[in-house]
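The structure appears below as structure tokens.
Chain lettering (A, B, C and D) follows the sequence in which the chains are written, and residue indices restart at 1 in each chain.
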Amino acid sequence: MDTLRYIAYRLLQAVPVLLGVSIITFTLMAATPGDPVRLLVGDRASAETIALIRDRYGLDEPVLVQYFTYLKNLLAGDLGASLRYRVPVSQLIAQHYPVTLFLVVYTVVLTLPPVIALAVWSARRQNGPADQVIRLLGVLGLAVPVFWLALLFARFFGVTLGWFPVSGFGDTLPDHFLHLFLPALSTSIWVVPILVRTLRAALLEEMGRDYVLTGQSKGLGDRQIFRSHIFPNSVLPTLNLFAVIVAYLLGGSVIVETVYAVPGMGKLMVDSILARDYFVVQGATLVFALTTIFVMLAVDLLSALIDPRVTP
Amino acid sequence: QDAIRIASPNKVTVLDPIVSAAGGNIEAYGQLYARLLRRGADGALEPGLAESWEISEDGLTYTFEMRDAKFSDGSPITAEDAAFSLTRVAKDEASAYPAGFAPIKEVTAVDEDTLQITLEHPSAPMLSNLEIFNAGIVSKDDVDARGVEGAFASDPVTSGPYMVEDWKPNDRITLTANPNFWREGLPKIQKVELIEVSDDNARATMAMAGEIDVNRSVPWAQVEEVNATEGVSVALEPSTVMYLVLPNHDKAPFDDLNVRKAAAMALDRAAITEAVTRGNAEVANSTFSNALNYHDASLQPPAYDPAAARKLLEDNGLTGTEINMMITPSFEQLATLLKAQWDAVGFKTTVERVDAGLWWSKLAEGDYQVTVNWYYNETEDPDLAVRWALCDTCGSDSYYTNYHNEEVNRLTDEALRELDDDKRAELYSRIQQITLDELAQIPLYYAPFSIAYADRVKGLTLTPALQWTLEEAELTAD
Amino acid sequence: MSPLLSVRDLSVRFGQTTAVDGISFDVERGSALGIVGESGSGKSVTCRALMRLLPPAARIEGTATYDGQDLLEMPLPALNRIRGKRIAMIFQSPASHLDPLMRIGDQVAETLRKHTTMKGQAVRDEVVRLLDVVRIPDPERWARAFPHQLSGGMKQRAMIAGALACQPDLLLADEPTTALDATVQKSVLDLLAQLRREQNLSMIFVSHDLGAVAQVCDDLLVMRRSKLMESGPVARIIDAPQHEYTRQLIASHPDRLALRPVADAGTGAPLIEARGLRVRYGGRSLADLVSGREGGFVAVENADLAVRPGETLGIVGESGSGKSTLARALVGLVKPREGTVHFDGAPADPAGRGRVAYLRDVQLIYQHPFEALSPRMTVTQAIAEPLRRHRLCPAREIGTRVADLMEQVGLPGKLADRHPRQLSGGECQRVAIARALAFDPRVLIADEVTSALDVTLQAQVMDLLLKLQKERGLSMIFISHDLAVIRRLCNSVIVMRRGRIVESGQTAAVFDDPKEAYTRQLIDAIPHLRAGAA
Amino acid sequence: MKLSPMFVTGVVLVLVWGLVAAAAPLLATHDPFAIDFAAILQPPGADHWFGTDNVGRDTYSRVVYGARLALYIGLLGVVAPLVIGMTIGLTAGYFGGWVDTLAMRLVDITVPFPFFVLVLSIVAVLGPGIENYFIALALVGWVGYARLARAEALVLRQSEFVLAARTMGFSHGYILLRHVLPNALSPVVVYLMTDVTLVILFGAALGFLGMGVSPPAAEWGVMIAEGQTYISTAWWISFFPGLAMVLIGVGFALIGDGLARMLRIER
């Protein structure tokens, strides 16, 4: 019951957060020079045509007026329309968001098992050969730029071996899994090391606690002590970092989306920024914000569930 | 599989042919909207929706006889529709590129099948201009019924070989054959997917993996490699594209002819061309593309002579002049070469990289010193090119370089009205001479299109006017 | 028949420090061996060494033969079959030895799950039974609680319950009853005695409480400075101690100390006073709001207390009765829902404005000294911290002042650069005391400060406190389970039970003529040093 | 305190890169910016140890000079996020209540916020330059640190030694600094050293999207991005800066692990 109240409270807080996000985005977009109309009509259009269209889209109004118009429509559930495509922003988001969400969830699914396995393995044999290898590979995965690695993966797994498609999203669910495998894999390659390193450090830290002695005195094997005592006590920092990374993945997916020609939010966002398609940027940011709020909330609830000392 | 998949870095953003003159749209408009005339395989103008035409003695009245064709929705394509469409492109305020139709006084439907265009003054390239991408015929009834926004939103009534099956903005547009297309039995390919893939490598990989049939733009660095790939070959197709250095004539230091001259002489344009295009392009010799009519092959810009360039700067006390070169990300390699060569003769160059959005607005506002870019021309007639790049009173301030020369402006108009071929050649030669002498721009190279086709694609090319010849292309079973 | 456990020449070294120096002893089947001795003499280290629970840095020598096998050489899997099932251990500081994220019930159940075939409901029932056996009230409820919600004594009892779960042959009990009040302690001791009878349980019982040792054990080891001083049957040692240190130890037992009447404190106005304090843990949930219930857990209800300058107030009461909570409320760690605190005649807000000045005068010594020390600070840093931060003495003199304080509480100088982890329980306790004394406070609240100290040290610390009281008129609130200590030290006493003060008055009056049955029970439960018994 | 060999290896690696950066003019065999039409896309050989790029610049010399930018970006780029993140995270976790709520909602605002919009606007308003990349990082990069530090502080604030410090009348600031911070540091240090690599890489990703350091700077990320197109024809253009990146990344990672180990309280 308390939890429900907490959730409701947090969701209520989402309102100012969303407002803040929209204000900042709007201000920044307004402050960024570059004319959407110029990009829209192409290089050959005359100044008069551009002025006309600017006027038609209300882009010549003062920023504040534009913002309030936007806000008014937003409250009515209208995210506005893309300047470039003249389709509702909500349609663009409905088209791109599931792709990225799928990608992020897929990445998470590919990421978590190795993170846990490797961190535990490495911590339990601290400084052993396995630990050294894991750490070295981790740094390797971390230091290799995603776009470069992604390119190699595409060439190798996609072209040379022909195991996976190198582009697109596919039409059916199994298709999605197949198409997004390489993008998700390329992303996990750098996410896994970050989390492994954090988790490993925490595991080592917890291994020195007194309650570990209690476990040993009970005759529990190393494995069990790890599983039921050390591990739960170590996950909090990793979980928090994980939340931040997941949230970043949404917006940061642009790199793999570009390399693998995946029609997702990251690409929509960057394309819209480059085209100064204000309302799409706005709408996409709000959707990111909402997702972030949910991810953070989930992690906070999970933290409180794991650690009773953490009151949400 | 009977769909042809074409990946291009350019995206489709609007389906209304008059609204945009951006690359991706131009390529799509051609498939959706047929024009009065069309280009044959050899590039000559042939009857399109107009079966025949007549031009009055004074060159002011064009009369077209329309053929019995239908829109994709089955309704007949009438002179009324043609008049409506051409009036829009010529006169509508929102028309993005009306330059070629400026001489038009009026377009009227004389009867169901007869269309008449009257001009203010003679225009030599009028016919060829009527073939370009934004002169496509749209359905008046449909626009009347659904309004401009509605008619072109996602499923316009089309007159061309294809119609829209599904449009996913920012991703791909899927076209399907128009059953009512006037050319019997065409198109042969039932389905076309125009996919936007911005990353060069992604397109290359997709082509190698057989996920696309056509790669619209193969980076020079990969031409050889892709060509060597089994099942794919790269075609270098003629284009009117030329790459050039754009100096701002309104701003120091490039308002000074000496600076422009030194900058031009500092550049080993042959080496630059070789380095950037891996030998796939031709060094430019004129302010005109070599694919344009009346291109003067005898001209030459100042030759590569770094010593002379340095001396010129020294003599004029210009050594150490600071240059700010604004570029978009795709010009990094070129910018590096220019900077190195300019600095070698005594300039001090900084490279400022901006995104395309910023680049355009800075360019249009004249807020730059020098930049590099390319442009293409829709027809082989140089009129539009001159208006775009060299004439400052023709609407675009000489490609926003603010290059101003009264004589060039005058010659531009004269050449438009002149119907005699030889005389026009002379006029355009003169324009090239002047603009090269004054270094309105520093021409770099003439680049062909480099397009990769899967072997199963037959008969497909991209015309210099940026139109795919999809209606006659075929997919063979491989 | 060979002894169950036979230890020969056991030595443990941490680098240069020798923590245990060549001790040998036997534990017969069904017998109990007591270990007493100076704080820091190696008692805990000995126990841990037997279970091979020392940090890798420790070097262990000697043999420990258990049931024919050497515990120190045995392969780990084999050892794990013995640990928890046949040899169980109770750790000295229960607070840090419980996993903070696991429910008490689950921690008790762990050994059952590992070593027996019990499953599901059977395990849960057994856990509840075990908690009940160690006298945790309402065991079903506390089985679901997390360690941080338990009072010190409850944690200790949970620990004991866990150790007894698999009915081990040998129990290593490291000060298992220090945090327990007399009645609970008595029942735990009775329980152990009963298990010895019924299950032939053997044990090693480490304690500072000679009385308790005498009650439980057959044999006794006396340790000092890592060495074995003497060993033999309990009765023999108590009656005829051979060694000087042993004699001192016995003489320091409260039972043997002359009952000095506590000096009467002045009759001045109370220095610190609390009225109607009420403390509740946990917030109200929506369900509570709707039903009008108060929710949470009321730990202290309507508590009044007053201490005059130079006076000492004792607080006794069963474990979990709210003693520590009351102390915490006085220093502002928990916010009372109701009630007021007055200091020096004026209302004080320990958690709010003026807290810095207030806290300089009112200091709390924590029940769990190890947890109360910052893990990254050395002994010197910890003691010097208040001096430095509050500029309690000139910077130049901090070094000497720290050394002085360490000396006063009997901390050897060689510990100066150690971290809490490298200290014994009693050593941590003394660091905490020294740190509080550094403030030179006017009111000292001591929560179980003597329980981790051996009797000689206890006597030394008490003398120190009495001296300070005499010299500076220090007021004290003394929370303890050790009624003997209370009796020696306190002018007046309050008795708490289930969050309420059930009795209060002059110490002598309360002790000699308790009004409440509960108080009577408490007093009767004090283990005495039975000379010549057994 | 004993230094582990891994930690020493890490320090040595980073120091070597520091030396390379400092002595770049001595180590380089060519001018890193000099183009050479005659030597475009040369494979590694005696003249050009790491080959040349698409304008004939010497990859080896560029990698050597690139160490300067890499260290500069990597080290400076994490400072502001670290300081801001730790401050916000510790304060939020320690005080809880509305402070925490406020800070965490700030996180919610920051995380979804499109980093590229930020970089773009900052560059557009303040002009291009690495410093603006730092500003963008400072505005966005603190979040990871904040969440990490907060998670630790939330638990630490309940621990007895922190409570004890409170009852000793110490100020909150002091307690945060002296009692909470040191005990919350270990995961942060590990992440910090990871972040150094991430920051360098992020610069590269910006280069990939066309928003990075302006040419002709010798920056590894940009070099890798440039070399992409040549991946099967001139692998050396991107391989060597990639290798350099890995080597410096290994150095920082090892330092991170080592530091965490030193911070750990061994029992």
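The criterion applied here is as follows: a residue touches a chain if its C-beta (ideal position, glycine included) is under 8 Å from a C-beta of that chain, and two chains touch if they have at least 3 such contacts.
Just so we're on the same page, UniProt names per chain: A = ABC transporter permease; C = ABC transporter domain-containing protein; D = Nickel ABC transporter permease.
All values reported here derive from a predicted model rather than from experimental measurement.
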Closest chain to global C-alpha mean, per-chain Cα centroids: A
When the C-alpha atoms of chain C and chain D are each averaged to a single point, how far apart are the two points in Å? 48
Note: chain C sits from chain B at a C-alpha centroid distance in Å of 88
Inter-chain centre distance, chain B versus chain D - centres from mean C-alpha coordinates, in Å: 44
Numbers and ranges of chain B residues touching at least 2 other chains: 201, 355, 358
Can you list the chain A residues in contact with two or more other chains? 32-34, 151, 155, 209-210, 258, 273, 307, 309
Using the touch rule from the top of the page, what residues of chain D touch 2 or more other chains? 120, 124, 158, 209, 228, 231-232, 265-267
The chain pairs that touch are A-B, A-C, A-D, B-D, C-D
Mind pulling up the chain D residues that touch chain A in the complex? 4, 6, 96, 101, 104-105, 107-109, 111-118, 120-121, 124-125, 143-144, 147-148, 150-152, 154-155, 158, 186-187, 190-191, 194, 197-198, 201, 204-205, 208-209, 221, 224-225, 228, 231-232, 238, 242, 245-246, 248-250, 253-254, 256-257, 260-261, 264-267
Would you tell me which residues of chain A are touching chain B in their complex? 32-36, 38-49, 52-53, 56, 82, 84-87, 92, 95-96, 151, 154-155, 158-159, 162, 165-168, 258-261, 263, 267-268, 271, 273-276
Footprint of chain A on chain C - complex, ascending: 48, 51, 53, 77, 79-85, 88-89, 91, 93, 96-102, 107, 110-111, 114-115, 146, 148-149, 159, 162, 283, 285-287
Flag every residue of chain B that touches chain A in the complex, lowest number first. 7, 11, 13-14, 19-22, 25, 93-99, 149, 153-154, 168-172, 195, 197-199, 201-203, 205-206, 208-209, 211-212, 355-358, 360-362, 364, 375, 388, 395-396
Chain C residues within the chain D interface of the complex: 55, 57, 95, 148, 331-333, 355-360, 363-364, 366, 368, 371-376, 385-386, 389-390, 419, 421, 435, 439
